[in-house]
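Which chain is which? They are A, B, C, D and E, in the order written, and residues in each are numbered from 1.
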């Protein structure tokens, strides 16, 4: 398993994550896309970590990334819930009071 | 104390009296004071001229503006015989006009303003004459124009005087610009404005400079002295009160241009002189022809003034500035006399109209006739002045015109070419002069009463001494004997020798001229007589009976000729020129003014739409751009991310390539 | 040396401003008297300054600090920029022949404007506070000799003006005020660019000498400066020891520029082939030309004038525009003589163009005030023309023209205000034959109109004459045809003034039927108090111009000498 | 090396599954399907982590992501998907530009990765030659509490604040809900 | 083994003293949350007091620590944090800037209030880590702390717009930080290290160029997001509009300053690599477009807070240009500018918050209504706005002068045409900026509406306005005071 293949897979996940973020109207799916992007980065970190003499920098980094992703999702969902209460939708196109 | 200081006195007195009217607005009767002041001024001036040496001297060389070491603009007074004589002349005529006006304007509500302005004008004119340098000459030159503007527009409630005054000022302004450019040329080439210094300096510069200075000075004179092609303000300026016309538009202001040319004689190159004489003779001819067909008494005189001024300018161009100044002086007297006479006529009719409650145009000669019996003094003095104008021997006009014409013949002999043509035109004009003045006289004095006049004839009362005295004095001054002991030979004129001019001695030309001009004048008078008599059979006989016309009876065979060729031709030519003047030159000026206003509007539009518009376009565009960016800011977060992606891609593609 | 007249002059309005602000609500109407008091006090101080002012060659100023008069020079603030050296701002005031007349003019104009301000009825406190602020900033920009200080005052004119037009103005005041603001801000930003370039390029030789140990104390002497400059030229002074300065007097001397800076004459720096110094000149020129205003940067002026209340029009035309002219002389030309010489054709052309363009526009205007505003544009063209000539006559004419235009245009705008106060209509076509009902008004109008068209005997003539003489003389700098073309401006100017007189003042009395016929009455006492002194001054300076020129001709002669000298030298050096 | 071969075979198939399930997320419009596809992706990434020798992270990934986050997400879908169809299915927009840019960014990234050939660069080359050490859970713990104590504390602190905030925010939503119901 | 551990732990104990301010802030957060749990009711103004106390304590700790006179940088917590005297001063400055926002922190209900100020402090804490970061991980954590807390902070507004703003901000921010993270991971791949040591940058410089540049670009996307520069500026208007005035003011000042410092540090790290010039160029282009975009979009805004958002975009662009321009005093002029900007901006935001609290929303034209104390508000707005435009005699002018000077200097030394371009665009935007900045003074002074409304002003509020405006004028006349403070950083 070459490093390159991990990198390419991560690039794929990155691109798909982007595509999801951009094309999906449902904010939860957008959130999933963002998670894909984070995972892409994580995959990179771990893939490079394999060569790290201490085997730790990438690992630690990815650990924190996972933690922060969790925080992010929690906050996002809290906000989305509020939005849903107010707008009765989580379609991003409809959440558009401010314009200009 | 230098007794030359006396010279300053009149001008200061005049200025003071003029300004004092600001405070005397309520006290209208004090206007007589200003007459007295001007009269005293005249005597002072005359007195100081008596002791004057022949050398020019400069008084009061003062720094007006200091611009650095050795760089200053001065104020100074030049005293020589010419200037002092001119001063006396101006004061004299001004005095007479003042006197005349006390009566003529006695009922006008703006009487003090009138006298204040007259005084101010006289002051400016004196300043112009006494200035030792071109700068102050220019200053007073403009002030003269300014006071003339105010005087023409004296009756400001009527639209036509105001329009005329504006026209006069603007056209004068063109001449002023010429003078200003001349000033700049002089300053940049010589670094001095002083007339006396320039005499020494002038040779230090090239021919072109001199010529351009000359041309610019000519332009100045064209504007001020109503020369071709800028002469049509002068007839319009007759909208002003008649005394003003007499003072300004006959004797003094219009002569300022000639004075400028005479003063600057040393600055003219031969090319400039040719230009001057061409302009002069053209003006003389056109003015003369135009005068033929006018009906407004003042306009006839105005055109005649233009014609005579043309003579003077021509004289300068022919190198006979002496003759020109001579003509200037004689013309001043007889033309002032004529104008005041015309004023007297108008005044008579006007007063009569007032008392009889009939109204017609008191300036139209067709409404007159038979006036000779109404006011004898007026008639006689008017006749004398007319004779002066026509150039009858024994009258002043003969002497001066003779001088100019003989100079033209001399030049024609010397240089030939264009000068011959100039000479011919000069003589032709001499022929025209008696024709139009004869016509005027006939209409005003000899013709039977016009219907309109008949209605108010009884109301006409003879003029008061305040009006008659100036007329008589001026008529006296139009006699040749006043200027020359030998009233048919200008060489013996004490005036010329006193002024120190060096008259070209050309005896044979002089004789020829004298003969020719006498012939021409007589021919002219006769023609005039024939024309106007034949036209109106009813009064022909009465005219024939008059002794004055008997001398031309034997020229009767010319009658048919005149009728068939000369008269229609002349009339057609006259109306042609009039048409040309009205339709082309005058219109051209009008069109120029109109087109300037149109151009101004176009420019204003350009200013609004293009200069300012580009700024507004910019602000509009920036608003639009803002809108476009705002649309990008649609609030749609995913579109934004696409944008981010797009730009990231762009950067990366850039990096890849 | 110890006199603080200039500071007093500068801070008088500020002091009165405090008084205005302290007025209780019930006494607000007293603020106009405070404005008047401030202006009168300024006139008094100004007369004291004139009494002590020396106009001999030894006090010509311009490029020597020692020759300035009433100098006040205190270090304001400075900071160390490490390897770049120190940057120093001074509170530096002084008077020489180039600004004394402008100072006098500003005192007169503000006095007149403060009397005119009596007609303001609403929001008095605000109005007078802003008015006093304006007074300070105008005065300040004339006497500041430190570029930073100058710029401070120069910029600070904008805000009071903006509000004075915007709040107390006419119907389209909002548009006019913002336009005024944007234009002039654009101008001052351009000036700011050059200011930044200048201070980073030039040094204070004395302070640098002290800083780098070449001089022992800050005693000023020509010789010492020469030493420092030669060391600077030889690059023997470390950059850390540079004391960068905004001092305009030092900026004049090319020896004070650090050899490697962009604006140095010996460091051949170019932007797309054009020497940076010339570019800087152009930027500076445009900056001031907007203020002046010269065509094509003038379109803010008619709008601003038309909408501004009368006293503000008076200040605007009377003195604010002159700041632009003064800036051109002292700063644009003074600091970049090379640019002035290099572009003299263009500037002369612009001057001519302004003269004709402004006059033509004035001819087409239907609004009296707009016509006067465009006549201002036309008259300001003379300033450029005179300046381009770089002759003693031309510059004297420029300064005289500024002064005389200040008086005349103040008067003209008051005249426009008089009729506007009566009927609230400024259209020329709304009136005819005003002379009948308003003889004195007409008289004053005729006097000022003729003064405006440059009739001898009035001050307008002297300025124009000198400008023409100078411009024509300098045929190597200003082509002759430009001058001759400019003379036709006189004709057009005469045309629109006379035409206006004909249409508005003469003829049978008639006004638009919708006006109250009784509203037309002759000048009130207050209007007379403003107008008659203006007329008298205009005539006095027209007859005795040396009253004014004597104050400044030595400085101007010095100015021309230096500008021509260094300008030619610099141009040689700048050649690629 | 057969075990290596087998290992890589499994590894590549996991990669393949990972990619396919990620693509599936893109293809399906059903939010629930997407969520499940995401689970598969995340789990396969966890497996890849095992292959890369960091079992600890694999466990964390499984627990936090596949367990925690996904439960949260599905919970969110359920809570907000009341309106039956509309909530469960996600609408699609910007498909053209989105896909175009995503594909091109993928292409570019792949190109760059291919171009730069990371395995031959600097430290990776050096590290490849050295024998690999394994990392015990113990040492991970120790490192986290010593070397990485600052980030660790910071992350913990962040968790605290985030949770408190999320709690209040979520509480606001629920309160509002109650108010609406009342 | 044990020894190493003990050694490590004692090292940590020693290092703790260096992050005393951070500890103070964290403890104060915990204290506030606890206080919330203990107290039965929350007193109005308590949150302001608490925040002030927290900030004062932190500031006090910094001043008393004596570390402001540290000679050399100190690497603590195994190089995760770099501490130097300038970092301390910066922290002090950030505390000062945050304190400016205190007067208009809204009075919320009990629970919300405590979290609100906790988040506030947390953001400040995050910026501390951002500016003292010694590794990629610290940067990442710092940025995330700031971001996550900002997302929540924005949601703490009564307005319904706030959640919309919050979710947009969150999604956008998450993508940006994901991209940045991706960039970090690649950087780690190139260098094998997450510590920002000189070796890190050297090996970055020696890595495969495309790979490295892509990673840098990705990282910069995260940074640019933080300061709100093109093309990552788009969240700003919506966010500011939806957020409470205090939050918007805070976000426009503190995280932005930290972000700029981060970019500056990052660029100075990259300075010796071969990529610096291309990165600079990219940033310059970004800066130029940011300025233009912000300016032109600001012109047509009708909501004051949104307008201020665009204005902050313009300022970001301008500051970005300075940060990129190589000049000796770039950073000090940026900080000077930030101080000027903070005072003016807070003043404007404060007045707007007063307006919103009275009127519900903050349309610009609302200011034309006649309200009592209009003159006081008007003059305060005017001074602030004049300072924002950069017209003397206000601090904004001096700040702008310094910025333009350093741009000029940079142009003189590099002759880079992009510097010149950003110089001119900066000038242009300064002029056009008038169009929108003057809108409010224009409405207040020149327009006159007809709906009278009450907008009272207490002495305290007047005093606050004085606090905001007086320095703007006084420091203009004595800039040395502020310059001395900043020049050492």
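Everything that follows uses one rule, which is that a contact is a pair of C-beta atoms (placed from the backbone, for glycine too) under 8 Å apart; a residue touches a chain by one contact, two chains touch by 3 or more.
These numbers were taken from a predicted model, which means no experiment stands behind them.
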Steps needed, at fewest, to go from subunit A to subunit E via touching chains: 1
Most distant chain from subunit A by Cα centroid: B
Identity of the chain that, by mean CA position, is farthest from subunit E: B
Chain pair with more C-beta contacts, D-E versus B-E: D-E
Distance between the centres, which are taken as Cα means, of subunit E and subunit C, whole angstrom: 42
Where subunit A and subunit C are represented by their mean Cα positions, the distance between them in whole Å: 64
Distance between chain centroids, defined by C-alpha means - subunit A, subunit D (Å): 7
Subunit C, residues touching no fewer than two other chains: none
Residues of subunit B whose C-beta touches two or more other chains: 630, 633, 635, 637-638, 641-642, 645, 648, 652, 656
Touching two or more other chains - residue numbers and ranges from subunit D: 93-94, 97-98, 101-102, 105, 109, 113, 117-118, 123-124, 127, 147-148, 151, 155, 158, 162, 165-166, 169, 172
Chain pairs that touch, as defined at the top of this document: A-B, A-D, A-E, B-C, B-D, B-E, C-E, D-E
Complex contact set, residues of subunit D against subunit A: 7-8, 11-12, 15, 18-19, 22-23, 25-26, 31, 34-35, 38, 41-42, 45, 48-49, 51-54, 56-57, 60-61, 64-65, 68-69, 72-73, 75-77, 79-80, 83, 86-87, 90-95, 97-99, 101-103, 105-106, 109-110, 113-114, 117-119, 123-124, 127-128, 130, 132-135, 140, 143-144, 147-148, 151, 155, 158-159, 162-163, 165-167, 169-170, 172-174, 176-177, 180
List of subunit E residues in touch with subunit D within their complex: 5, 8-9, 12, 19, 26, 29-30, 33, 77-78, 80-81, 111-112, 115, 118-119, 122, 125, 129, 137-138, 141, 144-145, 148-149, 152, 155, 189-192, 203, 206-208, 210-211, 214
Contact footprint of subunit B on subunit D as seen in their complex: 93-94, 97-98, 101-102, 104-105, 108, 111
Touch list for subunit B against partner subunit D, complex: 638-639, 642, 645-646, 648-649, 652-653, 656
Parts of subunit E lying in touch with subunit B, wherever the complex brings them together: 168, 171-172, 175-176, 179, 210, 213-214, 217-218, 221, 230-232, 234-235, 237-238, 278, 282, 293, 296-300, 432, 435
